[in-house]
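The same subunit A turns up in both complexes below, where it pairs with subunit B and then with subunit C.
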Partner chain A sequence: MAEVTIKNLELSYDKKHDVLSDLSMKVKNGELVSILGPSGCGKTTTLRIIAGLLKPDHGNILVDNHDIGRTPVYKRDFGMVFQSYALFPHLTVFSNVAFGLKMRHLSRHEIQNKVKQVLEITNLTNLAKRFPSELSGGQQQRVSLARAIVVNPRVLLMDEPLSNLDAKLRVEMREDIRSIQQKLHITTIFVTHDQQECFAISDHVAVMNHGKFEQIGTPQDIYYHPQTLFVAHFVGYENFFKVEKQIENNEYQVNHQVIHTDFDHSYEPKYLTIRPNEIDLHQHKNNQMNEFNGKVVNFSFLGGSYRYMIQTDLGLLQVDQNDKDKFDVNDSVYVSLNSQLVIPLLK
Partner chain B sequence: MHSHKVLNVIGTVAILFLVFPLIFIIITSFGTGSTIEFPIKGFTFNWYLHILDQPDMISGLETSLLVSFIASAFGLLIGIPAVYAMFRGGIHHTAWFQMLFLSPTFLPEVVIGFSLYQGLIITLHWPMMISLIVGYFLLGFPFVIRLVGAGLNMMDPHMEEAAWISGCSRLKGFFKIVLPNIKSSIAAAFIFSFINSFNSIPVTLFLSGPGFNMLPTSILNYMQENYDPTISAISVILMLITTLIMMLINHFMGLNRLLK
Partner chain C sequence: MKKRMILLTFPGILALLLFVVFPMVQIIIPTLSGQGSFGSLYLNFLKDTYNQRIILRTLWISLLTTIIVLIIGVPLSLWIARMHHRIKKILILVILFPMLTNQIVLNFAWIILLGKNGIINHVLLSIHLISRPLSLLYNNTSIVIGSVYLFIPIMVVSLLGSLSHLNIEVEEAATVLGAHPSTTFFKIILPQISTDILTGVIWVFSWTMTSYTTPQLLGGNDDLVMSTLIYQQAMTVQNWTLASVISIVLIIISVGCILIIRSLIKLLDRRVAHA
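After this line comes the complex of A and B, so read on.
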């Protein structure tokens, strides 16, 4: 249980292209922080550096304000869950979990007790004598978690631990992980590319893109107040308007049109954005604020709703509607953007 | 279904070709005639007893077993760390090293035998025993590189990392995690390098000589003077020894896992 600080990490595998650039973050005692980002953005690389499996070109990892850059992997007192689980196939579930305790030279009695306790928490008591090859994916995942937490690690690292499980099990397991993490109060860094998964279990989320953190915040922050194009797109915003200039305090010029907004006008946004389901679509002019005329280009079924592409003076808009009967291709329509739902993006 | 039948036919033919010569040898070793003949006219164990009267063969068998064993053991001792360093040590030019280690496979054994003879025995005056160990080592080493390398390749590298993170040093991890997971590859490597060196006639011919008798040379010597079923009998003994080694290693190291 500890506080982890990552400071200005930089790494390049080939000394030409930066895989990580200037990565900084702080994980407080007992917190679960997720690193969220698309495939290849550098999540695993970051985690491996924290674990000590990889040396960064620059930057530091601090645990409780001590630089652990020179501490070898096996002395860091961490736990890690790998995407492939990486269980020891020649050892039983019990021995897999006991491994770290044996390395710490605990007495037989203590090992017995601790393993038993952790197997109970992870719901594996009945499987203690099995070998990893005799377990299902979900069970292997739990053994891997048990092996990582049994040593009472200062920091728990998890690299997409749920990605090999089916959708239903994934939801179940993530709840388990969260409750165990909170019960034991383990500082945890959790890597995933699944937005829902990370929102459901994290105290904070660090959204990563091309080896940089785009935004770090609570799940609500990230979801409701994305600050960059990338993050906004990642959490479901689709309509992006490049700001040409600020006309008045709350009015911005976009594509020679004016959009009224409600947010704090000291922001100086580069873009404005709004979710497809937050745009109002109607047949007749209502003389509302932010109302624009447009034409239906096409629509597609998303499951639960229909997505319309509307050509307007603002550009091509994506608008979600619950039913499709109302509008047809080439219909003339009006869209209105609720000024309270238009949010600013800084880059 | 159809491909199953084809496979069965091919399998049967292959087994016939492999097994018939063996059966032939086994049967002829019990023949009563004074030369190797088939079918046999009577049944006797005498040729097996006759082996005991051939001190050259007995001592040849002993030294052959000993030298092959030592050479194969050295092969593992040097080969396993070499492969590990190649695959996990972050060493550059791995392909180049691999080529170097596998190179004995590409050389005719006669060339290996002759060059060792010229280099070690003629030039350096090394004893034959040592030269033979070096020669057999070279014959077996490529098997170690290939089989142990394959075993390491099949192992999830994260497994070892998981051990380190659990508090296990690199060296300890090698013994506790890596070795147990490649032991069937090691067993296979040992068997292949042992049998390959034990059976090598060219290298043996070059590096043994008067006063230092190896099994292949003593069998050849015996055959030149008497072509009788003793040859068959010693062949059967060799088959039994090979089978026994395989069974022992399988029992202790689980070779069947490798073949699955």
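After this line comes the complex of A and C, so read on.
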């Protein structure tokens, strides 16, 4: 249980292209922080650097304000759950879990007790004598988690631990992980590419792209107040408007039209964005703010709602509308953008 | 269906009977009766202290060779397995190269290296590390050196496959859990490849036990091993029956040793798994 700070981490494999650039983040005691990003963005690399399995070119990792850059992996006192689970194939479940305790030279008695306790928490008691090859994916995952937490690590690192499980099990396991993490109050860094998974269990989320943190905040922050084009895209914003100039305090010119936003912001936005389901679609002019005339280009059924492509003076808009008012191709419609939900993006 | 299966195995069974079982029986039968009572030839051979020394020497050379091959071969294989695949290909070629050459040629190379006027003695003398040439050739040492050189590729080949397929994350998991790299090697890597080590050990041990060229060319006249003794009995003394007796003893000892090694490794595996 500890506080982790990473400061200005940098890494480049070939000295030309940065794999990671200027990563800084703080994980408070007992918090679960996710690193969220598409594959290849450098999130696993970041986790491996924190674990000590990779050396950064620059930057520091501090645990409780002590720089651990020179501490070898096996002395860091971390726990790690790997994407491949990485169980010891030649050891039983019990011995897998006991391994870390043996490395800490605990007495036989203590090892027995602690392993038993953790196997109970992770629901593995009756599998103790099995070998990893005799377990299902979900069970292997739990062994991997048990093995990491039994040593009471200062920091728990998880590298896409759920990505090899099927959808239903994934939801179940993430609840388990969250409740165990909170019960034991373990500082945890969790790497994932699954937005929903990460929002469901994290205290804070760091969205990563091309080796940089795009935005760090609570799941609600990230979801409702994305700051960059990438984050907005990642959390489901589909309509982006390039700001041509600021007209008034909260009014921006987009494609020779004016969009009004009531979203509180102090920066000069480069783009405005809104989710497809936050645009209202109607047949007649209502004379509202942010109302534009358009024409239905096509639509598709999404299950529960329709996605319309509407050609407007703002450009092509994607609008989700439930099926109470059905429109057809070439219908003339009006779209109105709720000014509270138009988000200005920094870049 | 079953009948047809049996029929299909017929050529194989015939070949085995003809080329393995029949010659074996032919070797065994004359050795059983001989002069005197049943099995007396074996007893007489085993009672002789000169023969006992040869058996022990053969065992000792094989054991030593196997151990040295293991000590060199396992880290070497691991090192090769972890190389970039392009370098790996070249290294494998280099390691396997001796296997492409005739054993006699390889052994003559050692004669040139190890002889009284050989390269090694020449170098050691010229840098004044020794004052008189060492006798490196025609003794147990030279047999072991020659055998190790011959059999390292065998060990590497039998280990490389499984070492290349080891999941590195498993080792990393051990390290994160607090295992020093050496602990990881002995407790995590070795047990995972124990079956292949066993295969390698059996290959090397039995081939050293039965190899003829190396002890014949590199061994001394007074330091016979079982295979050279067989040759001597058959070709020099023309005592084919005794040669057969020694062959059978050699086979029995080899198989016995292999069984012992196998059960030792199995036992070790089981203890590790449930520890």
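As a convention for this text, the second predicted complex is superposed on the first by the 343 of 347 C-alpha atoms of A that agree within 3 Å, B and C clash if a C-alpha of one lies under 4 Å from a C-alpha of the other, contacts with A are read in each partner's own complex, and residues count from 1 in each chain.
One rule holds in what follows: a contact is a pair of C-beta atoms (placed from the backbone, for glycine too) under 8 Å apart; a residue touches a chain by one contact, two chains touch by 3 or more.
None of the values given here were measured: they were computed from a predicted structure.
On the superposed subunit A, the positions of subunit B and subunit C overlap enough to count as a clash.
Of the two partner chains, both subunit B and subunit C are touched by A:Gly100. By the touch criterion defined above, A:Phe131 reaches subunit C but does not reach subunit B. Which of subunit B and subunit C touches more residues of subunit A: that partner is C. After overlaying the two complexes on the shared chain, residue contacts for A:Thr92 are found with subunit C alone; subunit B is out of touch. Contacts of A:Tyr74 after superposition on the shared chain: both subunit B and subunit C are touched. Residue overlap on subunit A between the subunit B contacts of one complex and the subunit C contacts of the other covers 51, 53, 73-80, 82, 84, 86-90, 99-100, 103-104, 147-148, 151.
Residue ranges on subunit B touching subunit A, taken from their complex, read 156, 158-159, 161-170, 172, 177, 180-181.
By the touch criterion stated above, subunit A contacts subunit B in their complex at residues 51, 53, 72-80, 82, 84, 86-90, 99-100, 103-104, 147-148, 151.
Of all residues in subunit A, those touching subunit C in their complex are 51-53, 73-80, 82-84, 86-92, 94-95, 99-100, 103-104, 129, 131, 147-148, 151, 157. For subunit C in complex with subunit A, the residues that touch the partner chain are 167, 169-170, 172-181, 183, 188, 191-192, 194, 269, 272-275.
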